[in-house]
Amino acid sequence: MLLKIRSFMQKTFDAILPIFATLLALIIGIFMLKSLGKNPLDAYQALFEGAFGSQRAIIQTVIKATPLLLVGIGVCIAFRGGVVNIGGEGQIIMGALASAAVALYLPIPSRLIMIPLCLLTAMAAGAVWGGIPGFLKARMGVNEILTTVMMNSIAVYFSNFLLRGPMIDPHEIEMGTRAAQTAQMPEYTWLTRLAPPTQLNTGTILAVILAFFAFVLLWRTTIGYRIRAVGFNSAASKYAGIKVPIYQAMAMILSGAFSGLAGGIELFGVQHRVLENISANYGFNGIVTALFGNLHPIGTIPAAVLFGGLMVGGNKMQRSVQVHSAFIDTLLGLVVLFVVAAKIFSTNRSKRRAKNE
Amino acid sequence: MSKKYYPAAVKQPIKQLQMIDITKQFPGVLANDHVNLEVRAGEILALLGENGAGKSTLMKQLYGLYQPDSGRILINGKECHFSSPTDVIHAGIGMIHQHFMLVSNLTVRENVALGLKSSRQPFLDLNIVEKKMMEICDTYNLKLNPRAYIWQLSVGEQQRVEIVKTLYRGADLLILDEPTAVLTPQEVDEFFQILRKMAQEKHLIIFISHKLHEVLAISDRVTILRDGRSVGQRENKNLTKAELAQMMVGRPVVLQYERAAPSVGDVKLKIEDVWVRNDWGEDQVKGVSLEIRSGEILGLAGVSGNGQRELAEALAGLRKCSKGRIIIDSIEMTKASPYERILAGQSYIPEERNKEGIIREFDIMENFILEDHDKIPYSKHWILNFSNIAAATQKAVDDFSVKTPTLSTKVKNLSGGNVQKLILARELNRNPKILIAAQPTRGVDIGATEYIHRRLLKQRSEGTATLLISEDLDEIRALSDRIAVIFEGRIIGIVDGPTATAEKLGLMMAGVQEEEQK
Amino acid sequence: MNNLFSAATIFGIIGMAIRLAMPYLYAGLGELFNQTAGCFNLGVEGIMMMGAFSAFYVVYQTGNLFLGIAAAAVIGLFMGLIMSLISVTFKAAQGISGIGLTMFGVGLSSLLFKTLLQGTVQSVAGFAPLKIPVLGDIPFIGETFFQNNLMVYLAYCLIPVCSVVLYKTTLGLKIRSVGQNPQAADTLGVSVIKIRYLCVCIGGVLAGIAGATFSIANINMFQEKMTNGTGYIAVALVYFSGWKPKGVLFGALLFSFVNALQLRMQVLGINIPSDVAMMLPYILTIITLVFVQGRDAPAALSVPYERSEN
Amino acid sequence: EDEVFQVAMVMPSKINDYSFSQSMYEALKVLQSEVGEENFEIVYSEDMFNVADAREAIRDYADMGFDLVIAHGSQYGTSIQEIAPDYPETAFAWGNGTDFFGLDNVSVYQARAEQGGYVFGQIAAAVSENGKLGVCGPVESGDAKTYIDGFKNGAAEAGAEVSVTYTSSFSDVSLMSAAAETHMDEGAMVLTGTSQSIPGAVSVVKERDGVWLGVQWDTIPLAPENVLVSLVYDWTPILNEIITKMTEGIYGGAAYDLTFENGGLQILWNTENLEIDQELIDMADDLAQKIVDGEIEPLPAG
């Protein structure tokens, strides 16, 4: 019982720690704002209001948090399997492109068929894009950090190619504007909007459900057990008869699938067409999110809201006090640095706890 | 922050070391509880204790790796604080660690040179290092190839590197944490020569071992730890194994077991002319053929590095045979995966227990189900059943008296011996048809050793076919029905277990055929 | 239509590859030091941008190129200190702190560009090509290899230097052992923390200089995000290199060569969609990796060192 | 409060992208300087490449009661279409837009870059000795693409040979310079190109003393000796029209093109640094006129 309370306190401490760290970063931001000749108070008020200040703000934050959460879950799974997935960007893009192709070129005007089909396609595409590095690592020991970085660039160029050639919106060609984007997805593939006119959609709910699914998968099933075993000690796993390559690859494939789905939900829930930059750095920020959440799928949920809030609030800040977008990037960078650095305090604390038992 | 140790005080050699009231608390474990210990120049102190008694922890504090929670360390009567090994090395203290401290993808000589001033700073003088090191090897006749990479060496050879490393640094005070655990009798004798020589040269030596006869043979005094407390200081005069054992375990320990006559059944494991290559592609096992019947223990004796490891790994399916056949229950399994062998009822207790036997970051329960996690009762339809897992683990932990605060303690926090007990518990719990046991009691205290031996014999009587790979001749002779001796990858003779003498086996391990002996 | 195989064209491609490889060499060797000591620094991109800006700004103000390089090095050192503080002292997850450092560096450099230079692109006189007497006059060979600027030559000289430091000096031995088995190094009195700080800082300095090459040794002007992912590629190249300086050289040249090649093909009107052409270097790097074997990663890579569990 | 005319601009790149966004922002600045800071407020959101963010920005500005909200990117179409109806009191302008969805508070504008491209193609062909031209393109889309297509057409009709490279990135300065180098290695001495990464190319042209034709912004300061001419976008005429209409209560429902005709496309010769003979200038003006009169089709038919 006592132990339970303690572990609970420990958990809450872990949970609020990132918030403290974030505040610390914002304090440094004050000086930067002053040197930019902006009023820090107004700026941060805008930041907060933009993130959590109104119903619309909160909704915007949640919308942003959704892809972050999905990518984050993927990162957690990969990490537990002992692989690092820096390929989120590419997997998002491929997920979006593939599902867009299905939606555009497969005329089955039925939500019941198309929505699941499109989302599954997105997952499959992401899984393939993550699976290739996974396979290369598992079978030939090619380092996945290298390959995922490369696959990101390849995906970007590939999407540029499609968006400017084969998949470009025919309308854009007629009008001669030639913007690099696909035609709009057909109505019947759109995810249901939960609070019109905002873009909050059922994808968010799906993401949260999947977070819990991932938790169960990793800690309550034999598959998860094997993934974690391989992640910690492949030699011992091999000794125990676990097929190491398969589960290494599987970790990457699952991870990719989640990122791919993020792309699909971004497409059918928010954007409704594939544009350049549809990945919008979610691939990298998703990694950060996962770490905010202690690389635990459930922990990633609040982490995504926090980080999403910062991004949305940052834009609002830009609007209200007209700071350069570069300032927001800098600030986010600081936040990340402080949050990861702060982790050590919770670790030390938990050790002290254990000791005094 | 603790004060630094002044090298000034080191100038004159260490005459006396005292550790007073040392207390060290680990998460959930009081590893040292007001421990006292003293050594004087020219003296060899043996530190005895069961697994988890706190020996290594105590020594790590002396070596500056851990900081004591309380207590004092005096050198020549002067108190000093070691905040890092650097100070300690300065002070003239050297340590051979229980778990090797070698950089596996560096060469032997690079490992020796590591951290030393070079004669042509800033450049390496590997050749000079090599020369000096070979001199040491010659004086204490230790065989080593200075240009070999560590990962190419057998455990025994690695232990030699550790010894050379320490000797090279010429410390006054030597801490030896189970240095003989992986040495052959001959090597142990040679090693003891070294120690005696050093003792005469007025070195101070702290020697940790679980092998009582070694302790009696080498030490001047014995300090005994139990559950982190020092329970005895004895001059090594007419001490007996039984006494020591009793003090360590806190109860009388039987050191000889009566073995029922073997009731051997049909052949369970058949090895036909098996050839296996080592990590760097040379044949290490050269045509070994063996047969093990159910209900018998076949001992495989040999100096480490003669192919035992490769053979064991081949049998476990972790290494593929370049030639030959492995037959389990009259089914060819030469190319079978580890999983298939496990299903076929084979268990394997690996030599590299920390690397292969367990997952250090997993807790005890998770490690306990390593091979069987996908089988009822541990899981059903892919869903793990934790209550069953906990129950089974608890039982095993109790049976095998694994010392641990809780079942969800991470295995990396267990002492070496307790890890081994856990592995054994897991493997025997599956009650295997075939058991490959590589060095099952290496670094395990007598209490546990006794228990492990009993369990092996129990398995035998239950019809398990056991291949016991060990360098401990006492163990081999105590347990084996037949003893095969391996030398340079070949079986140079199989003798009847109970009647085999240590001398005879020792000679065979050195490559002398049975016939030649007569 | 010219063909791809005229001597002029081929040497042109090689020459360009040699120049394009320069930043990858600086950044890659820097990251090599990081990783050999067991630190994974994904912040290279950010450090490079800061280096690029500081170098440019100093040269813009003083006109002194060497001050510019120095500035980049100092800023790089500073960024390296931040990185090591976070990942070594605070034992933070290294991949992530790297990403944070990149966000920070890229952001801050743009911010400074906007505030100090009002975000207008200006050009400075950068390092001029430096013709090596005799050698520089050999037809083709000369202009390909011996008519580059000082920073290019330096980049290539750095390779043997790093090899010697890593494999022939006591420091190198310490670095390698700290990356492989910090416990062992520690028990021999090697200060894991010091070595790692040192290496991350060396990495920072080199990354800073790598950035500087963009703004004062190649294009000679500053533009936001001008390093355009070079940092990430550099990190990737270290894995490609199998943690050997030679490997970094090979990887950087290969990558740059294919880039130069695809540009040339575009110019020669050899018809492949530009986006597809852009993929080639990346695809090829991956494929090569599948065949290049025998890599040994530092065992303790990106694992923060803790002396014991308590 | 009410006298102050408030404009908000949302753009996918940055206000100093030396290209599409910057030209519009500078036009706004010009208007502001005409009527004075106090009467004309400009705010902007840059780096809004993520459409979701942009949409939120647009809605938020409309919400804050801005008079004119400029969505300066073709990818914002859907957002405008959804948001505009909710704010009839606000005028929306959609950059590079294709149509105004029959909404009377939305106007669309786009640059007819191909017109400039055609003329520049002719100029380049005229000044190049060996009839070899190089184009450093960023990405094969948007007005960069249309400009380049126009350029190719113009050069071709003047009998010059054009080779085009794309770096597939707006920001990769070093690859852009490598591209320029490659062009010059292959003998092209007259180069042109667009996007914020072309400083890389210009620096090479400067080093190797070639000729550069700048687009979308005044490149002359970068290489006074080498930039022959710049094609600048001047959005003030269009903005003026939009705003005057607003004062008349007309909030949109119109499409505008940036052309030679309405003075939006301007040819800026580098006469203060270079000797440029009048014939060339006349030729250019003549071609521009022909395009205005519809005698020349900048883009090849079909």
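The letters A, B, C and D name the chains in turn, as written, and every chain counts its residues from 1.
What we mean here is this: contacts are C-beta pairs under 8 Å (C-beta built on N, C-alpha and C of every residue); 3 or more make two chains touch, one makes a residue touch a chain.
In this text, all values refer to a predicted model and were calculated from it rather than measured experimentally.
Colleague: Keeping to the contact definition above, tell me which chains border both subunit B and subunit D.
Modeller: A, C
Colleague: Counting only C-alpha atoms to place each centre, which chain is farthest from subunit B?
Modeller: The most remote chain is D.
Colleague: Nearest whole angstrom, what separates the Cα centre of subunit A from the Cα centre of subunit D?
Modeller: 35
Colleague: Quick one: report the Å distance separating subunit A from subunit B, using the average Cα coordinate of each chain.
Modeller: 46
Colleague: Let me have the rounded angstrom distance from the C-alpha centre of subunit B over to the C-alpha centre of subunit C, please.
Modeller: That gives a centre separation of 45 Å.
Colleague: Which subunit B residues reach two or more other chains?
Modeller: Counting only residues that touch two or more other chains, subunit B contributes 26-27.
Colleague: Check each residue of subunit C and list the ones that touch at least two other chains.
Modeller: If we look for residues of subunit C contacting two or more partner chains, we find 114, 224, 273, 275, 278, 309-310.
Colleague: Give me the residues of subunit A that touch two or more other chains.
Modeller: Those would be 157, 160, 164-165, 324, 351, 355.
Colleague: Strictly by the criterion at the top, what is the full list of touching chain pairs?
Modeller: Listed by label, chains in contact pair as A-B, A-C, A-D, B-C, C-D.
Colleague: Can you name the residues of subunit B that touch subunit C in the complex?
Modeller: Where subunit B meets subunit C, its residues are 26-27, 60, 63, 65-66, 84-86, 88-90, 95, 97, 100-106, 110-111, 113-118, 121-124, 165, 412-413.
Colleague: Please give the residue numbers of subunit D that touch subunit A in the complex, ascending.
Modeller: Touch residues, subunit D against subunit A: 8, 12, 14, 43-53, 55-57, 60-61, 73-75, 78, 82-83, 86, 96-99, 110, 114, 139-143, 145-146, 168, 299.
Colleague: Which residues, counting only subunit A, touch subunit B once they are in their complex?
Modeller: 220-223, 225-226, 228-229, 232-233, 235-243, 351, 354-355, 357
Colleague: Quick check: in the complex, which residue numbers of subunit A touch subunit C?
Modeller: Where subunit A meets subunit C, its residues are 32, 35-36, 84, 86, 136, 140-143, 145-147, 149-151, 153-154, 157-158, 160-161, 164-165, 284, 287-288, 291, 324, 326-337, 340-344, 347, 351, 355.
Colleague: Applying the document's contact rule, which stretches of subunit C touch subunit B when the two form their complex?
Modeller: Per the stated touch rule, the residues are 168-174, 176-177, 180-181, 183-191, 296, 299, 307-310.
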